[in-house]
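One chain, chain A, links the two complexes that follow: it is found with chain B in the first and with chain C in the second.
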Partner chain A sequence: MLALLEQALLILPLILGAYIVISLLELPDLSLESSYLLGAVMAFMTKDKGLAIMLSSVIGGGLLVGAFVGILNRLFRLPFLISAMMANGVFYGLASYLLQGGFIHFEVSLPVEEMYFLLAVGILLALTVLFLLRSQLGYSFAIYGNNPFFFERHGLNGSYVLLFGLLLGHSLAAVSGFLFAQSNGFVDLTMQTGIVLTCITAVILGKLVTRSFRPNILVPLLGVVFYLSLQQLLLKLGLNLRYFNAFQALLILATLLIGQKRYQRNPLHLGV
Partner chain B sequence: MRRGMKKYYLLLLGVVAAIFYGCHAPKKGQKQVAIITPVSHPSFQSMEKAVMETMEEHSPGKYRFSIYNSQGNKILMRTEIEEVAGKSFDLVVTLGAAASKMTKEIFYKRGIATPIVFTAAPSPEKFHIIDSQALYVTGVKEEVPLQREIECLVQAKPEIQRLLLVYNPESPALVENRGQLEVLLQALNIRLIVVEVFQASEIQRKVTPFISQVDAVLVLKDNTVVSGLDALVKLCNLYKVPLMASDLDSPDRGAALAYGVYEKEFGIEAAKQALQILEAGIPPRDIPVTTPSHFILRLNEEAAKKQGLKLEKLKSIACEVCYVGSS
Partner chain C sequence: MEITNLSYRHHKKAPLFFDGMSFHLEKGRLHALHGKNGSGKTVLLQVLYGKVPEEAVLEGEVTGNEAIALVNQRFDQMIADQFSFEENMRFALLPKHPSPFSFLKATSLYRELLTIFSIDIHRPVHTLSGGQRQILSLLMVLQKNKKILLLDEPTAALDEENAKLVFAFLQELAYRGFTLLVVCHDRELVSEYATGVHFYLDKRPDGLRVLHPGG
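Presenting the complex of A and B:
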């Protein structure tokens, strides 16, 4: 049970970020992978500088990726998917250069026991996101996702909403990358493989159980719980997780197809 | 009607679960071994097979194997290792550096004393797979005998002055190999030219400008380059430049030479250590980390001719030689 809680706390920031970017803003943001990787790499680069500087640089890494994608999309008018793919290429190269190798041992001395640290980070981030989702900004994310031209048609600049959402979502993903790397004791250039699918599956599961059309913190929280429970259920049934990626893809497909039928006027896109 | 159908569905689910459990339940007296593999890859598959076959051959029916494969997804790998940690396995075999490191860290964190035998992990000391915490860990280290490999290449083509290394710098082991190679070649007065590739599709584009300027091409134990070997073989045939690989399967695909061990050796060596732990009761800390020792030179005569090597020179190489078509 403790192991499951630890796993949930490791991916919670990532799913919180994905909820904002993929679900509320409805952006096909593959570059969450880059933030996740860069968070771990930045932590490795600053591991001797103290926890405060390390955490700042981790968040800085996420902000950098978020700003890069946002600027490509809004300033240079590139389609979002292309911007995200460009970001993945650029930041993968950067991570590779900074790491000087694909697999590096990484050890951090935390001020408290790891589980308490993870709990503190998880609660702090969840409360921050809860506060933001209940504010006008949270509703602005959902409005932007529902109709990206809404703000412009009312004479407002929607770019700020998009940019702030991206910065927030990507810095959360970066924190998750750092937590995962420190918990496993290594940074690996392929550690981000498959995380977008994980994010979409968790968010979809969260949406299925909450059925909320408003910004709701329960979506990512329950999404994480149900995602890990689903894995555990399959393992307990004796199924091999080697096919879990295919299982996730089928689950997403089924949910989207059912969603399309149910909400024909306003289909559930989740950024894809 | 619907309620009735629901009952049938539940019953069906129960039957499926029971069948699964029945199929997966260990027999009495059987020892359980988990094999944690990071991804489906021919090298890892031959290691898995060798572990199972060697142990089964030694004690038929005594071991039950569960293979955990996360298909490159580290979050899934973590879940699988937590699952293994929570079950009562008698031994865990891990393949590659990432799976070995993650397993060791999680087992240490959870205070689990199940023996871990890693295999095909480069530099286990550097990555802290083996350290003061790892009392229950031993295994098989991956090492490339570069000196011997270069000696063979120089014997096959003594006039060599420039060597082209094509490799993926994302792998720390390969970066380390590159450093060792620079030192080795400097002593032999051979210039090293390096082409870094990150994807197999880049090979042809990046190697073409250099191929006419070099006397030989070297490929390390590099999954990226080996998966795109066909492009490299074409270029080497076209420019009559010998291609030397560090895995023994590459001569079948057109490399003139290869010096190394068969991947299954890593599995066999790991299985031997596992048997020492499970059968002889030797604690893992008392079993030294080993490397496979059966290195051979494998030749593809047809490819050697195409790539400008003289057969009489090849036959004079002082090494255990095996020709394509024999293993």
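Presenting the complex of A and C:
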């Protein structure tokens, strides 16, 4: 049970970020993978500098990826998917350069026991996102996902909403990458593979359970719970975890197809 | 709203588009603007609104247009249709840079008007008719304390029933003291609901646009 709780706390920041970027803003943001990886890499690079500097660098890594993809999309007018793919290419290269190897061990000395640290980080981030989702900006994320033209038509700054959401979402993803690396004691250049699939599956499960399209913290929270429950259930049924990504992809496909039939009038509003 | 001796060119070397145009929009009236495609109706609305390109040359005087709004026909782009009517009214009050530390503001809902037009404010907007959605977009504009509305073909995307609903709503706004200038190709509809002047915009062979006040 403790191991499950630990797993949930490790991916919670990532799913909180994915909820903002992929579900509320409705952006096809594959570059969350880069933030996840860069978060771990930045932690490795600053492992001897103390926890405060390390955490700042981790968040800085996420901000860098978020800013990069946002600037490509808004300033250079590249389609979002292309911007995200460019970001993945650039930051994978940067991570390879910084690590000088594919798999590197490292240890972080935490001020408290790991589980307490994870709990503190998880609760702090969940409360921050909870507050934010109820604010003007939180609703603006959802409005942007529903109708990106809204802001221009009302003389508001839509780019600000998009960039704020990206910076926040990517910072959260980077924190998750750092937590994963410190918990497992290594940074691996392939650790981010399939992360976006995890994000979409958890968010879809959260939305199926809550049936909420308004900004709602329960979506990512329950998404994490049901994602891990599903994983455990499949393990109990004898599924080899090697095939879990394929299972996730099929689950997403089925949800989208069923959702499109049910919400024919508004298929986009499935949210992911 | 008073327009005096208005002259306009798209740029310094372009021929005159409007020359010495003067007219008056009486308060509390629904005025109509007619004209063929290319007669310059949209340009006139943009000039009145004060939204002209930098290279344009504009002379003359427009007074009384401090609380003016321009609403184009793509009203669906002004609303977030998965949210309710009431929530959208709150969204209309969002600042230019929505704050992570402030909540949505309460709103004056024009409840009496909504009762007249049988609009349930709790329903998601995507379940409302096109006419009701257009009414929502207009109310969202009015939330910003606008008193003069310029509407560029507000019923272009609507069927007859919904177009009538929107015009009835515009008429109600005029009765409540708002000043409206509406571009619309449906003469019958305009004749039925307009309470102010019908303006006709013509394009002369030399390219100059001339405004004729009608009935």
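One rule holds in what follows: the second predicted complex is superposed on the first by the 267 of 272 C-alpha atoms of A that agree within 3 Å, B and C clash if a C-alpha of one lies under 4 Å from a C-alpha of the other, contacts with A are read in each partner's own complex, and residues count from 1 in each chain.
One rule holds in what follows: a residue touches a chain if its C-beta (ideal position, glycine included) is under 8 Å from a C-beta of that chain, and two chains touch if they have at least 3 such contacts.
Since the structure is predicted, the reported quantities are computational estimates derived from the model, not experimental observations.
Counting residues of chain A touched by each partner, chain B versus chain C, the larger count belongs to B. Residue contacts after overlaying the shared chain place A:231 against chain B, while chain C stays out of touching range.
Shared-chain residue A:242: touches chain B; no touch with chain C. Within the superposed three-chain model, A:188 lies in touch with chain B and out of touch with chain C [touch as defined at top].
Of the two partner chains, neither chain B nor chain C is touched by A:29. Shared interface residues of chain A (contacting chain B in one complex, chain C in the other): none. Interface residues of chain A, counted against chain C in their complex, comprise 132, 134-140, 142-143, 146-147, 149-150, 152-157, 160-161, 164, 213-214, 265-266, 269.
Chain A makes touch with chain B in their complex at residues 3-4, 7, 10-11, 96, 100-105, 107, 114, 180, 183-186, 188-191, 193-195, 198, 228, 231-232, 235, 237-242, 244-245. Put simply, chain B touches chain A in their complex at residues 17, 20-21, 23-24, 40, 67-76, 78-80, 82-83, 85-86, 97-98, 101-102, 104-106, 109-110, 126-128, 169-172, 175, 198. Listed in rising order, the residues of chain C touching chain A in the complex are 74, 76-83, 87, 91-92, 94-104, 126, 140.
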